[in-house]
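So that we are looking at the same thing, I have put the structure below in structure tokens.
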């Protein structure tokens, strides 16, 4: 438990958020047990998200390291003013007289039938906010280590979790492999993982993804191998802001073709920024049109089949990779 | 005065916002005279931006057409929850049982020394919001006509104004020309204007821009002709959401090179979406790497020289176009 | 206080319909027929029923929240449409797009972000006033939702602009797992009063009393065109949503003694309540079956 | 009420410094030396001076808003740093990045979005409490800013968590062009009280009285660790920012009779006030000149 470790390790860390106390331990149980052990340092709050962002900012500017849990990432919208006109500005606007070492944990994502206001992946709305970090955990990451790095960071970190991850176990590379895929992990507090097949089958495309899209991307990559004999590399980012472009460019140097895959809606998504940076910085690496896989622009409906058809699927990723090859 | 015309024309139009009443008539005087003529239909409000978005939504769902003025576009952040989880969802989530014909006017932009919280161009943060329109007026548009179209629209329209526009006169094409530039305007409630030089000098690039960046882009185009003998086409959009891509593609078919120019910050900007759509749909039209011109990611400082160096300049646009040619 | 005994039996029947509807949903949930989440109104029925009795569904407006089934059923009596919506059927009132907490039908609306509904309801009240419709808007919110600032922005707007809106706080003493004393300072009714809004507090689960007081309050809104703020003391008997129950068993037992279905028992005719119970059983089961028989939304049919 | 006559002369001097500072800014604005906008504190000086006298700049914290110069000067006495910041000089307290309404120096902060400062101040009070620093946080807000919901969220948090924070509402009866009655319903002080916060209202521009009452309120915050809500009745003599004056001339004249520099005149020694006036004139002019002599931020120097 990374939060327990940070509470243990540093006494300036405080958890704040709704319904955090034991026995409940937060809506997704992430803080279970912590308020019993650190009753003074786990602060349960009223339903006041807008203010909680400001409270975290105030705590951080006065020497503490708050970790704020927003129960559903959908409610980060309530904090946009505090984020854009406060958290992202104070340090630079006050000429570096303050720092804001705070972490905001945001459980995003669908596939649970929670309906339009409890299923979104809204991290894309933060891509335009300067002076913040945005980090996404995935099942192949050392999630605890990444979260601890976020707590130790001097900059405000928006930490994207995906609700589907809570029910599944993490899988870490062992001996440089996860399953049959070779894994290279960058040396960084917020590493990127590059997954590739065997050396003899050159990869046809680079699939850039993060967070809760990982299992879907991996399934697509497996299907592509088994059903189409097409091999892909997967670049699994954790650092979305500032965007960790290098591993993407390295992979593209081998594959020459880019597919971005994210759970959020297409327009104004993270894929757009990835494509803009890639085409701006490494035009010559691309031999064909980049493609984006994302949710349909619109609501995420409640009924399961409607929800499934709004969210990006394995088939969508497969189709995007195959479309590249046809060009 | 477009607002006066719509108030005259339709009795379901209501203006709401802070400090709208005469003699003040709004912070930028846009509603001057209107409350005297229509005292019941110009509603001045407390400083409660978050709620005002909700109020407008409620009015629109019950048969009225509110036009909401947000005094400074920087404060649109206060309405993000109402926008993302309300305005953009109600119609689709309620299975088309309601419509939301409302307009939100947002004065954006810097160059006035107002400092970090009163100078931003935050429209880019709305690019990821589905089911809304975002329309930007410019000095070459029939601003009144566009605003009237927004009021008549059945969808919620976020209307981007730029503070620098209030002090200047509009300039409309006459005989198909503005100055020495030939102008083609699309037939649409939200037209795009394509400005090009004479037919004998083939254009080297397409500069896609909107709103308050227009004068800067035009000055750059002029400088490029006079100082570098480089000719560009300018595609001046008004429809940012859904993005009006066709005129961009048409121009690219002639020029083969893309520069986007916006006043907002670079990362997660509107340029990224333009580039993602262009590369996704018309890869073969591009002969070189697209380039983005935008503000530096970060705050917009108060001191004039600092502000100038944060905002995109004529020289930035010139440099981007020249960089294309060197590739 | 009610004009006739018939009326009380009618209110009883409405409460029982809500109770059995919600219990049936929980069974469907356990049986795996329902995915997602659902927040039941079990124990709180007197509020919805006592209040909506004074509203006219063709004219008045309700905006509700995540715990909205009771309000919906009391206002529309549309069991099939709601079952179908929660079960994600094409025949749901929003075609399965909304699900349990995102409902709309005619003058009834809900949404799932706490507090954010309140300004929208306020805007609706403004529109009704400007159009002279005579409608009253009722917005329901939980005690925990008083944590949200837009609620106070709206109280101010409603009082300032004299809007025909009633804010109903259903104080069930918990926000999800959090007891009121861990999330609220001061007094609920003072919060309404501070904005110059006429406030009433009702510490009862007796639907007849609630009906009576709500009638006065809504009547005043209707005639004066000014807002009203009504605080109901209540309790939910089931867990917050589908999750674990963390509250003290003794506390729940104590509050069950005030079950709105029981506290009026001595004013009801046993034969008629039996008949109501049987009819309700049938109606709810039939509505459930009709809803279940409809196609799932989004699945292509053969 | 003040311990010595010296103290009152000191408060007078602080008020005069603020007055002359702000008037000088307006002159600079008219002369084109200052771009952007600025909101002067002219007429409201007794609030900042009476309150900050009880704060210790090394320990206590102030969070202010767009109309912040008075609070800053009373707390720091740093005329040069503020002139330089507003004039966009490299020597400004934020290197010219902030400008008039985005200030920070040590324990003093401001920001330009109405209301949004209040939760940040609340978080600061929480941090100070958790760290046992003994600090009191004072957050200043205007009457118009009571339109913002986060203010109420913060009142609730401060009362619920027993935070050492004082909310000071400077009611100058206008929000930009809008008189209070067009933007506020109910009562200002009831709004604090509704959250269980001890509230005081002061209808005076007499700095001695404000100093006295603020001392009691801040003392209580310091000893009890609980929040406090203080409402000051005041008036600004200049226009909202640099724009036109829309208020009634007779109303302004009436309020000018309560000028905080005048209402205490009979308690001041004329010779000393003359000396203070001369010294202040010199200090302000010198500070302005020092600030103007510094390089403009962002211009490359030859």
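Chains here go by letter, A, B, C and D, matching the order in which they are written, and residues are numbered from 1 within each.
As a convention for this text, contacts are C-beta pairs under 8 Å (C-beta built on N, C-alpha and C of every residue); 3 or more make two chains touch, one makes a residue touch a chain.
Bear in mind the structure is a predicted one, so any value in this text is a computation, not a measurement.
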Open item on the list: Measuring between Cα centroids, which chain is at the maximum distance from chain A?
Closed with: D
Task: Between chain D and chain A, distance of the C-alpha-averaged centres to the nearest whole Å - done: 42
TODO: Provide the C-alpha centroid distance between chain A and chain B, rounded to the nearest whole angstrom.
DONE: 30
Task: Interchain centroid distance [CA atoms averaged], chain B/chain D, Å - done: 37
- [ ] Please set out, as single numbers or ranges, the residues of chain D touching at least two other chains.
- [x] 97-98, 102, 111-113, 116, 146-150, 153, 156, 160, 182-184
TODO: At least two other chains touched by the same residue of chain A: list those residues.
DONE: 45-46, 48, 50-51, 74-75, 78, 81, 85, 89, 92-93, 116-117, 299, 301
- [ ] With chains as vertices and touches as edges, which is it: line, ring, star, complete or other?
- [x] complete
Task: Contact footprint of chain A on chain D as seen in their complex - done: 61, 93-95, 97-98, 102, 104-106, 109, 111-113, 116-128, 130-131, 149-150, 153-154, 156-157, 160-161
Open item on the list: For the complex, give me every residue of chain C touching chain A.
Closed with: 35-37, 85, 88-89, 92, 96-102, 111-116, 144-149, 175-178, 182-184, 244, 246, 296-299
TODO: Write out the stretch or stretches of chain A touching chain B in their complex.
DONE: 50, 74-75, 77-78, 80-81, 83-85, 89, 92-93, 116-117, 120, 122, 124-131, 241-243, 264-265, 267-269, 271-273, 275-276, 279-280, 283, 288-292, 297-299, 301, 327
- [ ] Can you check the complex and tell me which residues of chain D touch chain C?
- [x] 146-153, 155-156, 159-160, 182-187, 190-191, 193-197
- [ ] Would you tell me which residues of chain B are touching chain C in their complex?
- [x] 14, 40, 43, 45-46, 48, 50-64, 66, 81-82, 85-86, 89-90, 92-95, 97-98
